[in-house]
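Labels A, B, C and D are assigned to the chains in the order they are written; within every chain, residues are numbered from 1.
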């Protein structure tokens, strides 16, 4: 019963197969090879961005920090929601890569900034310090921005460049039922995640307009993110994107999550903390129930520090499904929930 | 005929097999798993350093930069040979991770600093700016320091910490016929390479005394080098170290290189530029010969910019063998060399 | 009618006289001189900190950033009020000097953080990222923390070091009627301002316990803040501190401000926005009144951007008095206020 | 007998007088005042650069580091002589302000890079890492580049921007007998020093073409180098430049130095180590003579660490004259030299 993260599952067999196919003969290192070319072509095709600059890296932190660094000056601020992953969960990676640019958090509702709040925060900032905006899709609260909401955030950003943190890009596309290109519309840079949705560890930092990707290769090299045997990153991305695997695994993860969320929503002791749009559930339930689930081996995260919560308050739990979560695990969790 | 790099070959089947074994079920992300534990245990055992702090990353640049950053202050200098990889080939990664610490190059002979030169360079430095020393083993010139030479460099460093850039650690151990622990003796930190010697992409940053690894986890996270699905790095390292695979592949690469070097040394138009101790050959031969080899598909690097060399001077060529280079490729190269 | 800033007035004649006295003969540069020794001795005496490490610099930004950099790691956060000068008014200087440490703002009331809010914000932070706390006294809202409030903030910080941004240190001491040492109690570092209160440009970065001032000289040099002819900074500080000039000029500035504030408080169209404890007044009055004052030559800052305010709302105005503001200027302003 | 530095003398009375004149009434802070306007106008006029961007700061380190930061990317290298002040004497200030750009030293003769050596060093560098060139005039060896030499260095730099570290700009102009503008020809940025030649502490960072001064104000603010009471920096610069004072004091310092150097050159136990072109003498004399001079109170620097020199070798001594050195001090030193 593993619901702790979509970083915990295995790689998809098709991705492993691509890796095995790539493990053949010699290739020039550092990105000069057929596999890298193929991966870049597939990313461009997926986003309908034929001239895009595409950089494959191993972590979402690297993809986000590199994208935002290329869009910022060291004395600028980067606008994001106040629960953004780039704000709190990366030990200051963005500020590190951006040589000092700080984050400027904006209030969120269910993980989404209101366009008017973003606009007001930018207006309040010293114009010399106005840097890029970063939007997370799927949000850290498990919700998905509509295309209209994304467009409104891009409009609120005005002349400022906008970055889409798409660690769960495919899950959002599957949820919206739109094309990947439609979801990337208006973005200066996109972090397109593979790791959480079937890969071993690969993310693409994408600039649809390569003129905006200022010195990204130098930044990546300097950050230790130019792998020598690039083909093994590229092969994962090829296996992930070709034949639309990524959208299938994402849809599957979303469906499993929806089933879980629906059952939770009907449970008398459980409250959903946010709408469930993709593959993440935030729910509250009593400590007694939590203790029982844990004792039976359910794995998920508690999101609040005990110090900041009354002893008898329900606990805020986060459950995530990746494509590989088995129906049996969900069944077991649900039966435990109702067995109390 | 691929001799361009030991970054160009495939991963060893045993490493691929470990990867496949690891691709099973769910694991907690970010290093909390059985595979990571096993990899760390094997690294500690290899270096006879039971309490060592071990961090798995994907590039040598990351391993080197993280090690040196943890040993430096931003205003210090890092002493290294003037052909050190950390000096010239990483787009300033060390300075980036070390928040500004600069490199202080010391003259080399065949890639090795003389202990007296290192001592004198340190003595000349403002004491407040004396940071760590970095020694590359196998050197960038393809030579290997004797254990005595390493000990003399550690002695010359005095109180300053010493880092071993061991991108080809196993090749050096195989060349010296010593234990890995003997080669790491006296080192504050070791970058222990896997990528060039049979892995897909994994290096270990190792601090035998964990008290010296100041905030390495935070630095790694901040650098985007904490992979979520760590088991795939760990599995590579397990496959690489268990049953002594790493020393076998390294010995094999060295043997192939020795055969190549011996033949080159006997060729009338070829001069070896440095002693060949491990798996790298630096040799000079005429442009006519080079053109012929290239036309036949031989891949290796030219090391000098045309602008800095007389038109008719022999070319400085670098040839590298990894474990996977086939004898047939060497035979073919040698027959082409003698066919002129 | 200059009320725009306490950075706008002339230097006090006694400070100018000290400067003239110091302009005699040769001195060794970079702080090795009698004048520097005398200034350091006076700062130590003022704070009753006989072993304190004292660094003279030319700006409050430098003093604050150097102090906080010496107390932080690059991946940590620095806790401060959400209107702190170090947060918003220095183009990211703290983050720059601290090699990436970010600010973590805490809500304020009249410029002061509630100890419980500070405690909760620290508790919420990843323990590895908990860096120093910075408290401004006189606050950016013109109020003064009581000694009890300061002690409670120090207690809330627990093991974390605390920095006092004392750009208006003397004004706060004068307001509290305490000793300078009492106000610095519990502080790891103090920025002790001179510029706003009678000097040309000098601030002291002070660490009562020199063991906490990690590499401050190196940081200062690297920041371009080691002046060669240090005696001219030192002489200002000597003229400022000897014979208690600093507390006299501060008391005088506070008295003038109190008179101004009292008159404003009684005006029917004026509202004070914060209590007036020292030498800064925040008041709101109608745009018509503002236009009249401006037309007559009154200089003060408007604190809100027009974009964020209804057209007919009263304007938030900041008026500051330094020691040199003439009573006639206050009289004139008040008569204009009542002439409408 | 103070010959330790041209940072040791008093400020010129005309500079002190300008300071006193400026100490009158209120002025808007942060550079918005008549004094700043006047200083900027005088700098522009001096360099015949009517649109130049001019920033007044308090140290040469700040002027150099800010200029070079505005001309560099974090992953680039900055080319300079291997005894450049920016390389060795500023605790890494350039790298700090330039967010990581490293120095690339080029061999010097008497403090001057040969244009061919500079060209070759640049050619050898990865094109992506080619940053600006910094040339010191007066050099750290006390020599002065001819205008032709400067032009040849600018030509060798090709498309790369060139910075002139003119901490002793006026001494060089006086030595060359040219116009200040002629000496600044071809430079993208100039550090124009005041401190060593009669001021208390002021230097100008000047970009003749303001389009090249990328975000210099933000960098300066972030570095803590925007003084609030700017008029006191500006007044020094006004007193220094108006009526040509700067060129008079520089010529006087050079004349005194020439007399000292001529006498030293004729002394049988003394050897000049470099040509003496401006106000710095490098000379070698025996330890016995040195001990006698020190005992009599002569102040100058020894330039070599004892550890790196045979016990009986003559000592390398640096003597510097500023405008205020008295003829009597020179007479006394010379009579001591001949009294042995």
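What we mean here is this: a residue touches a chain if its C-beta (ideal position, glycine included) is under 8 Å from a C-beta of that chain, and two chains touch if they have at least 3 such contacts.
None of the values given here were measured: they were computed from a predicted structure.
**Q** Measuring centre to centre, with centres taken as mean CA positions, what chain is farthest from chain B?
**A** Centroid comparison gives C as the farthest chain from chain B.
**Q** Counting C-beta pairs in contact, does B-C beat B-D or the other way around?
**A** Answer to which pair has more contacts is B-D.
**Q** Once you find the CA centre of chain C and the CA centre of chain D, what distance in Å lies between them?
**A** Roughly 34 Å, centre to centre.
**Q** Express in whole angstrom the distance between the two chain centres, defined as the mean CA positions of chain B and chain C.
**A** 52
**Q** Just give me the whole-number Å value for how far the CA centre of chain B lies from that of chain D.
**A** For chain B versus chain D, the centre distance works out to 42 Å.
**Q** If you look at chain C, which of its residues touch at least two other chains?
**A** 74-75, 91-92, 96, 100, 128, 218, 221-222, in rising order.
**Q** Could you please specify the touching residues of chain A with respect to chain C in the complex?
**A** Chain A reaches chain C through residues 74-75, 88, 91-92, 95-96, 100-103, 120, 123-124, 126, 128-129, 305, 307-308.
**Q** Flag every residue of chain C that touches chain B in the complex, lowest number first.
**A** Interface residues on chain C, with respect to chain B: 73-75, 99-100, 128, 215, 217-219, 221-222.
**Q** Would you mind writing out the residues of chain A in touch with chain B in their complex?
**A** Touch residues, chain A against chain B: 2, 4-5, 7-11, 16, 19-20, 23-30, 57-63, 65-66, 90-93, 96-97, 195-196, 200-201, 218, 221-229, 232-233, 299, 324.
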